[in-house]
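Reviewing the structure listed below.
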Amino acid sequence: MKTLIKNGLVVNATGTGLADVLIDGETIAAVLAPGSNLLGFDLERNVDTVIDAAGKYVIPGGIDAHTHMQMPFGGTEASDTFETGTRAAAHGGTTSIVDFVVQYAGENVLDQYKAWHEKAAGQCAIDYGFHQILSDVQDSSLVAMDELVAEGVSSFKMFMAYKGVFLSDDGQIVKAMQKGAENGALMMMHAENGSVIDLLVEQAVRAGNTSPYNHGLTRPWQAEEEATHRAIMLANLTGAPLYVVHVSAKQAVDQIATARDNGQNVFGETCPQYLYLSLEDNLGATSDEWGPFEGAKWVCSTPLRSKAEGHQHHMWQALRTNDIQMVSTDHCPFCMKGQKDMGLTDFSKIPNGIGSVEHRMDLMYQGVVDGHISLSRWVELTSTTPARMFGMYGTKGVIQPGADGDIVVYDPNGHTSIGVGKTHHMNMDYSAYEGYEIDGHVDTVLSRGKIVVDDDTYVGTKGDGRFFKRGLSQYLI
Amino acid sequence: MKTLIKNGLVVNATGTGLADVLIDGETIAAVLAPGSNLLGFDLERNVDTVIDAAGKYVIPGGIDAHTHMQMPFGGTEASDTFETGTRAAAHGGTTSIVDFVVQYAGENVLDQYKAWHEKAAGQCAIDYGFHQILSDVQDSSLVAMDELVAEGVSSFKMFMAYKGVFLSDDGQIVKAMQKGAENGALMMMHAENGSVIDLLVEQAVRAGNTSPYNHGLTRPWQAEEEATHRAIMLANLTGAPLYVVHVSAKQAVDQIATARDNGQNVFGETCPQYLYLSLEDNLGATSDEWGPFEGAKWVCSTPLRSKAEGHQHHMWQALRTNDIQMVSTDHCPFCMKGQKDMGLTDFSKIPNGIGSVEHRMDLMYQGVVDGHISLSRWVELTSTTPARMFGMYGTKGVIQPGADGDIVVYDPNGHTSIGVGKTHHMNMDYSAYEGYEIDGHVDTVLSRGKIVVDDDTYVGTKGDGRFFKRGLSQYLI
Amino acid sequence: MKTLIKNGLVVNATGTGLADVLIDGETIAAVLAPGSNLLGFDLERNVDTVIDAAGKYVIPGGIDAHTHMQMPFGGTEASDTFETGTRAAAHGGTTSIVDFVVQYAGENVLDQYKAWHEKAAGQCAIDYGFHQILSDVQDSSLVAMDELVAEGVSSFKMFMAYKGVFLSDDGQIVKAMQKGAENGALMMMHAENGSVIDLLVEQAVRAGNTSPYNHGLTRPWQAEEEATHRAIMLANLTGAPLYVVHVSAKQAVDQIATARDNGQNVFGETCPQYLYLSLEDNLGATSDEWGPFEGAKWVCSTPLRSKAEGHQHHMWQALRTNDIQMVSTDHCPFCMKGQKDMGLTDFSKIPNGIGSVEHRMDLMYQGVVDGHISLSRWVELTSTTPARMFGMYGTKGVIQPGADGDIVVYDPNGHTSIGVGKTHHMNMDYSAYEGYEIDGHVDTVLSRGKIVVDDDTYVGTKGDGRFFKRGLSQYLI
Amino acid sequence: MKTLIKNGLVVNATGTGLADVLIDGETIAAVLAPGSNLLGFDLERNVDTVIDAAGKYVIPGGIDAHTHMQMPFGGTEASDTFETGTRAAAHGGTTSIVDFVVQYAGENVLDQYKAWHEKAAGQCAIDYGFHQILSDVQDSSLVAMDELVAEGVSSFKMFMAYKGVFLSDDGQIVKAMQKGAENGALMMMHAENGSVIDLLVEQAVRAGNTSPYNHGLTRPWQAEEEATHRAIMLANLTGAPLYVVHVSAKQAVDQIATARDNGQNVFGETCPQYLYLSLEDNLGATSDEWGPFEGAKWVCSTPLRSKAEGHQHHMWQALRTNDIQMVSTDHCPFCMKGQKDMGLTDFSKIPNGIGSVEHRMDLMYQGVVDGHISLSRWVELTSTTPARMFGMYGTKGVIQPGADGDIVVYDPNGHTSIGVGKTHHMNMDYSAYEGYEIDGHVDTVLSRGKIVVDDDTYVGTKGDGRFFKRGLSQYLI
């Protein structure tokens, strides 16, 4: 199976160039001058498929390094399965996800790892990798960290919040980080001070402040800034590289920026929700259907931040300055009916999560159109750096010979309307971005050389996606 | 003329990949999977030249964005002509330079621009571009800035030192920056407080402190930090992007880092001399031949900084953290005999400058070997970012179809001994890096598809190098 | 002549205490427990005058360390003479001023010093000292610095703006600072980048933007921040202590705070106008009488800053955090008619200056009432620190035995209405604070033991005030 | 009982002045011009005692706001009782201490408070106050906080270390801080990350690294910096004022400085051990008697820091810049024999603490002699600010009418040799400052008007000291 994508503008992390891309089987065979007939040989006639990308962008497939498919959480389970979630991802131009194997306190890490493989195997529309969550840090967990790195799971996530569920105490974090410093694994952190948040939540609920808006108020920026700083210090102490997930507060960004200026390997990820949505507009929303519970649609953690305080503006800047290096989704969808509504009378019972694996590439492209970031930076934030950060570069994240044929043809003259009943393939009964209009369009998506989405239609097969083993981070300084 | 570079490890700014590179005429036609016979067609048999790069790095040719060939300065002239200097550059794996058109106070900018074209035309071994120096800022100079941008000279350098020679006062700087903010040109700055330095120099000489070591003492870090901050504020006021040349003081680095964290388009360049050499070891050196005047070999401005104060260590870190984005040479060679010795009894009469256009790629590669920077960062610092910064990317600075065939085959198993009588093609009677041993070697150098250096031998022709028109910076955020 | 101030709350810089103050002749003889009859001896019966201060504050007389009486400037002369200005000061509870001897470029420092003594001698209502302005730094000026320190003039002011009038270049500043580092004098700086401002003013006027509002726009915060940083670096280089006058931009405050955190002897003064007035409300004001020229009333340099940018709010905070240590007035009054109106068609011709020597103590007390600062901090900012900063402490700035009887009885239950025709003893045809209402009142003012203001009536005699010799700063760390 | 201290140089926090001090009964009646015969009345003849302080300093008695007399800790009890400890304090010129009521987890706050009163009542040589320690934060503890503020206990200390003993979790800290923000109490924090330290200690001991030196290694600066930052953020969240005890790491100082620059009410205390002693010289010491266990003498927490890292140097600077506001001792003495030696084979069993309540005034005066701080700053750091910080000013911390007659006559021409068998009144079998020589001497100490130490002899009576009720902090901005 040979495919030639011709006449497109290939965009990579440092710039662009007009080029044809030849895919042979699952991998890219060559990148050529447009229309190249290579010393007399007519390529176009010798391939199976020709995609004309004239006037369009040819980009490495999106990599969403933070998703939670069918994750059991808060007494329910994230509503997208590996099947539905990865299919939605493909629709949106994302050709790889890195999902999280969950280990709750008391469980065995490797058992969980096996269980997650079973969940995902044969289900996925696109390639997938795993991070491993560590909650309590048993001696066996430390041993497992070495085994998992060998298995291609080179990143471990810990939580400074969610007591009794995920929370690791600082000593446990240090123990795991010591192992990371030793075997080269990247340590990921959910950085919020859970002890403080638990108190504030309890006080709010007791005071009768039970609407979703209070979710934001009870997770103040200080709780995020504090935990971010703490994680940085623990990493500094141990020498482990640190990756802070879903950064939303500008003060947390500043902590990361300072550590980086000091030469420490500290990285930050943000998500579209922290760029576009806010405490005021979303957590504080009301609707005819839901009243003030409308805000439940956007209950996620870290929470949406106040627009008045300028977090969103600062976050776009941080994407430009590379103080924040990546954009993932933290895709963790729940339906309003039957899931989010568990918290109808108590916001603390609302499952935390927003789904947007389908829209990340579009939403970030809109950032290009709106002048927040450059075209190259779009690719860097959504594909190249995720690949480098998590040890996939070369196979993923770049259009070059030998790389997987994970390619998106993106039309800057196309248009995408986000919303239920429009483009919406995630298993959610609402869209977190209902009504958003994007000045661009995902035309064609190839996963390892095979077209899986064409003209908004899924043309792949369940199970096309394969697990990939990742190496150590290629982004460390 | 067709050339295939096969089996090398192509290194770009974000990572590496094994690939063959096909050059057709002056430009790269394709990058292909190694040994690719593209659907049955045997490339190797259909090209004129095959270079086997197995076990070697294939990198975009070095871009030295800061050189001064045959510049009249300090009563003499930099000792490398465009001919000798660019030939030496080619030997060292540098395939492009951006040199400076000098306008001294009272001169007409466009007259000077023409004069520099006459100096360089038909002389160069490799491609060259120009920055324009502005000293006084006449009304005609502001008009000329627009014309020069259209001519492909999109960057303008000013000086905060060298009164009566180069110095612009702050009002003049703002005037030029306002124009830069308007037409998109990048403003470059020699950031040292000349007024303070002139006083300290005068006091030192009057006190009989006349040896080269005093060159360092009379240009303290405060003078650089201050001017750097001032340039940043003037750029902030006007909205112009700012590029600070030859940063040597860690405190100046910090000023740049702070401005960047704040989202300002501020960039910094350092040079090998600020990474490897020091006040103590070099400006303070003595020799049998020259006594304490030995230090004159390393009299350049900004000066070499104190090792005890840790500037060099901090500068390597800044290269890792991207607080400093590029490495150029500020190549400005003078011979000891007949030039540097003009200052035998008064350091202030020593022509300021060090030559190292030939050794930049090697010296920075040694930084990879020594663990200071990664392989990709080497390419980014010496080629890709210079290309982006100065509007050449796509044509220069990257190995991709359509780009110029400016390529270096670099052997990590080779070795290079630096010194007069060893590798030394610059027109200098000494080497600033005498005795340095490099764990790598420039094997083959192609300039626009033509091999110009092969196995330490220059095989090009005078005048191969062409002037290139640059666009606006592609590195702005 | 013996006076007993009884039953008042004595306020000093660290706290308060109920106490009687006994003044014998010109100095304080004792501070005693209220009603103390000292072992049987009835003080009250043995003094000439008893002032009942029950329910009132007894504070050391205000010290305004920055005034310009009858200063020739901008083609006219500040409208308050030493006589009128010091009388107004006394009305407002200020018992000492430190005024500036002007040396314009080309003039001889000691000649000027003598001339200023002649102007002031026999004129003043309260004690006065001098700072010496240095513009060009002649060799004779450096010699004069030593002589002046011996004369009790231990502080020297320089300007980074006002080219051709006051401006010193950076080399001249360093030269003077080297002398200051040697003889212990405090170096004061008007920190604005004059070269930039001159350009912006010229551009504004040429563009027809001639109203007073443009005075603010053409002196942007960057010009102040830059010069402040530069002054700090020059001081750092030389080791001289630095005192930045009339700080108005929050970014300049931050530069001072950073230097202080680093242990450098850097100090900052602000003025009531930078706490209460703004670009929008004042420079941008219009009136029936003056139209947009109304703003001329508040043309001073550094300029009033934008309220929207939050400078005033930040400045109050800096007073609390001691990042700014003192409040002076920069009293430099000009009448609207015949003086300010010189700039009716060109803001750059408006004499720069605001008069408020009379209102500083009241305006800052209002800061206590409004909760910005504490009672002790009020005394510290307006009297104790000025005394320490400028080498007067012990004689001035504190209520303790041996100190001059410079005392104000301030009534927190009184009221003061500011405005022409209300309280207004300065020689100005308008008030910069017209309509301000103060929740407190200056009841009685003693200067060296003599009551000079009582119940809003001046009861002193012209020439009561004496020149005082100051020592070196007592505030250095 | 009337006493006149004549002809001394009275030193207060802002400066000095020659004055006589008259004490009548327990309080200061007057401060007078030297030799004042007040309008004809001869004081000297009318008092009971005259102390000639000519050539000496007359200062407010030292206030040591951080002591632990007979505190049960680590399976033993601090070796100084309220009797021995306060007597030693008096010998050293300290006339007030604020000691800590301990509440261990599970205990009732008010019960403990009563118990501590019983321990101290009738025992003390000087006046004493109490801070209350909170470990777990029971609902009753929050109620008790209000009651204790009314009782004159206006400051509460919490611990971020010592799990199972003192440790409060972050939610508990917030709960207590919310109360502090409400009732105005000052929240004190032992800021070290106990969870991390416990792990490092366990790892060290398991690895056989059991000598006292490892005490320092297992409490790295990161653990202090982190907890300091965390405490600041929790205070920021709640609005409570924060006082960080025994700051030793320069990085923690920087966190405090940053918070203060931002206008937050954050304060820091250091101790003589963090100025004079070090990891290398003391924790790493060996002796004939004890071998490497010699270091046990200086096992305290926070630990002595590395001299090579420059903490001590930075701490002196912070005392000058007021980034650290006070010097206390954290006096918590243990004997080597029978106490410290419990950790002979395991440093983690060594009771944590150093005794120096006797030497603080001398050691800090040596800082004046050595040029680290000024004379006024000495008084401010050791007496005036402690009084203001903890709500005692007016009664303590200043020499003014109405204040307690707590006065020290200090001889700058005297000399003090520190060491067992020299001056040593603390109940310890070694001195932490053995061999230190001080260029000054405590001549006479008065506590509430009564001479308690004269010429190195204790002349007071057990039980002279009274409990004093403190008000809210007078130092808040």
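A, B, C and D label the chains in the order they appear, each numbered from 1.
Methods note: a contact is a pair of C-beta atoms (placed from the backbone, for glycine too) under 8 Å apart; a residue touches a chain by one contact, two chains touch by 3 or more.
Here is each chain with its UniProt name: A, B, C, D = Dihydropyrimidinase.
Quick caveat: nothing in here was measured; it's all calculated off a predicted structure.
Trainee: Note the shortest touch-path length, in steps, from subunit B (Dihydropyrimidinase) to subunit C (Dihydropyrimidinase).
Mentor: Minimal hop count between subunit B (Dihydropyrimidinase) and subunit C (Dihydropyrimidinase): 1.
Trainee: Using mean CA coordinates as chain centres, what's the gap between subunit C (Dihydropyrimidinase) and subunit D (Dihydropyrimidinase) in Å?
Mentor: 39
Trainee: Quick one: subunit A (Dihydropyrimidinase) and subunit D (Dihydropyrimidinase), Cα centre-to-centre, how many Å?
Mentor: Taking the average C-alpha coordinate of subunit A (Dihydropyrimidinase) and of subunit D (Dihydropyrimidinase), the gap between them is 51 Å.
Trainee: Compute the distance, rounded to whole Å, between the mean C-alpha positions of subunit A (Dihydropyrimidinase) and subunit C (Dihydropyrimidinase).
Mentor: From the centre of subunit A (Dihydropyrimidinase) to the centre of subunit C (Dihydropyrimidinase) is 58 Å.
Trainee: Among the residues of subunit A (Dihydropyrimidinase), which ones contact at least 2 other chains?
Mentor: Residue numbers touching two or more other chains: none in subunit A (Dihydropyrimidinase).
Trainee: Would you mind giving me the full set of chain pairs in touch?
Mentor: The set of touching chain pairs is A-B, A-D, B-C, C-D.
Trainee: Can you check the complex and tell me which residues of subunit D (Dihydropyrimidinase) touch subunit C (Dihydropyrimidinase)?
Mentor: Checking each residue of subunit D (Dihydropyrimidinase) against subunit C (Dihydropyrimidinase) gives 2, 10, 12-20, 22, 24, 27-34, 36, 38-41, 43, 46-47, 254, 257, 260-261, 263, 317, 320-323, 374, 377, 380, 384, 388, 393-394, 397-398, 400-403, 474, 477.
Trainee: What residues on subunit C (Dihydropyrimidinase) touch subunit B (Dihydropyrimidinase), complex-wise?
Mentor: 169-171, 174-175, 193, 195-196, 198-200, 220, 222-223, 225-226, 229-230, 233-234, 236-237
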